[in-house]
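Here come two complexes built around chain A, the first alongside chain B, the second alongside chain C.
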Partner chain A sequence: MMELVDWLKAQYGFKQVEFINEAVILTDQGRKRIRSWSDSSLLEWHVEWRDRCHYTPIVLTDRMIRTKEEEAAAKWKEQWITLHDEIEEVYPQLDHEKAWGMLMGLMITHGLEERQLERVYQEELPSYEWNPMLLNGLRDDIQDQLIRYHKEALVRSKKAERIRSQQRKVKQPLLDLFQSPDQARRIYDVLIWRGTNEQAHLGYQSLRQFLINWQIVNGTKSLEKVIASIGHTEAFNTDQALLFIVEVLEPYEWAEVTRSLMSNESERQIEEKLTKMSNEWEAARQLVSILGRWIDDQKKVVT
Partner chain B sequence: MRQHVENPYASILFYYDLYPEHIEDFGKIKKVITSRGVFALKETTMNRLEADEFIHAMRKLAKLNYKQAIPIMPTKYGEYTVATSTHIYYVMPWLEAVEYMGRESQEEKLATQMAVIHRLTVKTQVFDKGQVDESFQQLIKHWEMRRLELSRFADFAERKRYMSPFELTFITHAHMLDQMAIKAGEHLQNWYETCLEKEKYRTVLCHGRLSRSHAIFNMENEPTLLNFERSSIDTPARDLASFCRTNFRYTMWSEDEVLRWFMCYERHLPLLDEEKELLCGYLLFPEPVVFAVESYVNDRQGQSELQHVQRLEKRLISLRKVQRLSQKLIVKQEES
Partner chain C sequence: MTQEHPTKLSFSIEESVWLNKGQEVQEIVGMSLEPDISIEEKDHHVYIKGGLRLIGEYQPAKSEAEVDLEKGSVEDQVSFRSVGDVSLSEDGTGKITHFFPIDVTIPISRIHNLDDVYVQIESFDYDLPEKSCIQLTADISISGMNHPQDQSANRPVATEKKADEKEESVEPSFSFDAKRATSHEELVSPPPLHGGSEEFQPPPSNSWQAPVFNQYYGYQQPLPEETAEEPEQVEEEEEEVDEVEERVEATQEVLDEPSEEVEIIEEILEEPRLESETPIEQQEQEDEEEVRETTVVVEAVEEEKSVAPLTKMVARPSEPIARAVEEEEVEEVEGDYEPVLEVGKPREENALYLTKMLTKGEERFSKWRMCIIQPNETIDTIAHRYNVSTSQLARMNQLTEEKVEEGQILYIPVSAKS
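Up next is the complex of A and B:
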């Protein structure tokens, strides 16, 4: 550890470095998070999107702090080390939708630009097949709900597939994962987004889940404001909105329940999953409807 | 007036890991007191291109080991400016000004520093006729337009039965101003022809607006230069002309003092004859009077008639002095 402390002081010119935990240090210039990277092309992509996705003084990402040599990363043994700001206060969601939408829009805009990455992650489409025999033994009302949702899930999936095939030539954005609203931190009322060091994700899947949760926590009005703010950014157009709709229509939440059924979970567990799913189902419906209205509004603007 | 202000500057200072304990407002400059020291945050209206040129100039001076310019601090992300939708900001260490006690004038010291920068960055450029013609014609056209504006204002004033004091002052000098504009054109033409003949001309890094308000003098009475926001690569004559125009007033328009500035300058970088021609052209063209007339026409409510007249008179005095100065510069050249 002492070796790393001295190395960090030398690389970044800190006078004081003290480890708070394995990933966070306290320096004379504030708390910093240490990340390590073994894939240099992935590191390069993470440096680039973090550097590009900011709008001062509203939105900033946890960009790589430069070394004394003005490098974004420094080689430490067999890996690359980067340093980022570590802010404690969580950024609020309600009444701050404009900044959130701006961040998402900036990430989408950057994600649609040319890039050369060897490996990207794309969520596979789940299978919606099930065995009706698995319903045996469950309460009648649960069985009824499952049958109804299964039918609707197939309809949603078909709709998604139809739009997907129409939009197959439209480029999908390459995005960093949206994992949790706690990734957004606040300092001087600026949204500082803490990125990950995960593989780049192709498409809207992680943003879909993030905004479904947003609707559940903050409601439809708030979600509408987020979408409106995304819509004000450069690259988010009707084609992108349709790609987003495809992801939201795809009933990923149903797949969770079928997995639960297949693994013979208890009736109580299945019922809990069903309740959670029905909330997400409704939130997804609201999200599709908001995106649809946004597309209609764009047509009105054009005509 | 000093005021206690914090936002939105704290969010800009975060880019530097500077957490302000107190910010004092000095207009475009904010004095920032932090646990890491005292800094100056400059708020500018530079556009992206100007900001790039500014940074390029600062880096170039640093690379040339020039120590008399105030350094610009990089953000923790390695950039030298921070842009918002309305402003571009940069941060420097805070230097406290010391009362100037030197024997030479402040302008002599500044002229010396300007010459040092020019000497360090001077480059002989091949006279690319197409390229030079374009900027030459542009300047000629600009001057013609300005001359036309003055002539129109003279016609307008002369048609009136009762002229205002401003108009009367202007009309009294209209002929002299027109002659100066013609003379400026001749000097410009001389510069062009000499360069064409020599097939080369010199460029330097120009500060753009060097004056005592863009310098801080230390205990040794030596200046540290700031505000390179208008810097560009141009002929030395351009920087010198702007320097003379801006600083003339500090000497009460003393030609001898201005000639001393040139002596200080030429100790480091002697001017070529054609550069003196260009300098005289720039100085003689009555652009300051055009601005005074424009201001009189467009901003009648902003200042009183007396204030407009006083401004015009000051500029006329300055131009008359410039006329004599340019004769001395050129005579000096002819004698040598």
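Up next is the complex of A and C:
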């Protein structure tokens, strides 16, 4: 550890470095988050999007702190190390939807630009394997709900597939993972987005889940504002909105329940998942509706 | 000779049902044709009324999961339901219903025993030439009638048995023993599938609708007043003996006689028809909600065949509708009406033009009657009875001279206005 502390001092010119935990250090220039990278192309991509996605003075990202040599990363042993400002205050969601939407729009815009990555991640379509026999033994009301959800899940999946097929030539954005609203930090009322060091995600799947949770926490009105703000950014057009809709239509949340059924979980576990899923289902409904409405509004503007 | 010859009035229905855009059929789940018919004896006539109710279930090609992003609200199309809005019973199948009205009047003298009168669906089939079209064919017969020449005779038991055997050998797909009603109230048919009325109701607007048959102008999209006509209206028009009236609320294009003997095919391509279709095309362009077209083939066959009326009808290039055959008259009439030459020939364009010139608006008929000529009846009496001119009757029935014979079937045009 001391070896790394000395190396950081040498690379970044810190006079003082102290580990707070494995990922955060306290320096004479404040708290810094350490990230390590083994994939140079992925590192490059992460450096690039962080550098590009900003709209001063509303949205910034946790850009890589440059070394004394003005490099975004420094090689330490077999990997690269990057440092990022670590901000404690979490950025609020309600009444700050514009900044949130702008961040997302900026990331989508960048994500649609040319890039060369060796590996990207794309969520696999879930299986909706279903065996009515698995309902045996469950309470009637649970069975009823499961059957209804199953029917509508198939409709959702078919709709998603049809639009996906129609939009197959539309480029999907390559996005950093939206893991949690806690990734947004505030300093002087500026949204500082803390990126990840995960693989780039192709498509809207992680943003989907993020906004579904947003709806659950903040409600539909707030979600509408976020979407409206995304819609004001450069690259988010109706084609992108449709790709987004495809991801929301795809009933990933239902797949969780079917997996639970298939693995013979207890009635209580299934019921818990059903309850969680039903919340996400309704949030997804709202999100699809808002996106569809946004597309309809764009048509009106054009005509 | 006092031998009686039970006869059977048969006709075929061939109908192409064009479904609305968005209701295309992926697969037919099931089709049924249910008779909804009552028989009433009144004023020396037997009235066979009601119709055949087609009920079909199909798997739509375009399901609720279908989206057409170019049209309509995207929000509406991409939205999905809460679990509370999902019905447990729904299975995604589409349903179509259609009612083929039947209104036949037979003089009581042609019926020995009302209990012997059966309306039978002898065969019923469907095809899916394309996803937006269901093609239906059905052969329907009304049995239990006597031959007109033997009305007064006592029927020998042996002959009747023979006739019964003949009918039984048909092995109909469906058989309906129509109920005899003693009063109008008793004529109420089994509850219809849609609505509570027994009366014929036009198909719902989101369903298909049969164009009105026009004997001379072919397919016509039904005008509101035409489609709204109810069988009861026809009943009021019935006035005479020995008339068999078939009301077909669909346009007729082809007569395709299942019999191996004759095949009558006609394509009616007159201008009035085109004119009548134009609004449909315009409507389709303006609003592509519905694309409908219906084809019906109706044949009337008296099972005991007589070539005379048959040949006459067959010889009519513009009369595709029906033929009646009475066996007893075969020999004597064959010579007179030998040329069955124009069978299957479409009408020539010049002839069509002339017909149009001659007929003008007065012959815009939406239905027709079949009249079986009785003893001592002449074409003049028939023309007078139905308020048409003798020459018109002769022309429409393709008669070479203005004469008719007993047992011959004449087609009487009924104005769409009536």
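Going forward, the second predicted complex is superposed on the first by the 303 of 303 C-alpha atoms of A that agree within 3 Å, B and C clash if a C-alpha of one lies under 4 Å from a C-alpha of the other, contacts with A are read in each partner's own complex, and residues count from 1 in each chain.
Everything below uses one rule, namely that a residue touches a chain if its C-beta (ideal position, glycine included) is under 8 Å from a C-beta of that chain, and two chains touch if they have at least 3 such contacts.
Fair warning: this is a prediction, and the values are worked out from it, not measured in the lab.
S.K.: For the three-chain model obtained by superposing on chain A, do chain B and chain C clash or fit?
M.R.: Aligned on chain A, chain C fits beside chain B.
S.K.: Just to be sure I read the superposition right, which of the two partners does A:Asp51 touch: chain B = first, chain C = second, or both, or neither?
M.R.: In the superposition, A:Asp51 contacts chain B only.
S.K.: May I ask you to name which of chain B and chain C touches more residues of chain A?
M.R.: After superposition, C is the partner touching more of chain A.
S.K.: Just to be sure I read the superposition right, which of the two partners does A:Arg66 touch: chain B = first, chain C = second, or both, or neither?
M.R.: Touch status of A:Arg66: first partner only.
S.K.: To the nearest 10 degrees, what angle do the lines from the C-alpha centre of chain A to those of chain B and chain C enclose?
M.R.: About 120 degrees between chain B and chain C, seen from chain A.
S.K.: So, A:Lys158: does it touch chain B (first), chain C (second), both, or neither?
M.R.: It touches chain C, and chain B stays clear.
S.K.: Between chain B and chain C, whom does A:Ile187 touch in the aligned arrangement: first, second, both, or neither?
M.R.: first
S.K.: What does the superposition give for the shortest Cα distance from chain B to chain C, in Å?
M.R.: The answer is 34 Å, the least C-alpha separation in the overlay.
S.K.: Intersection of chain A residues contacting chain B with those contacting chain C?
M.R.: Common to the two interfaces on chain A: nothing.
S.K.: Quick check on the complex: what are the chain B residues that touch chain A?
M.R.: So the residues of chain B in touch with chain A come to 7-8, 10-12, 14-15, 17, 19, 36, 74, 76-78, 82-85.
S.K.: Which of the residues in chain A end up touching chain B in this complex?
M.R.: Listed in rising order, the residues are 28-30, 51, 55-57, 63-66, 70, 72, 187-190.
S.K.: Quick one: in the complex, what on chain A touches chain C?
M.R.: 144-145, 147-149, 151-152, 154-156, 158-159, 162-163, 166, 242, 245, 249, 278, 281-282, 285, 288-289, 291-293, 295-296, 299
S.K.: Residues of chain C touching chain A in their complex?
M.R.: Residues in contact with chain A: 63-67, 69, 73-84, 86, 88, 90.
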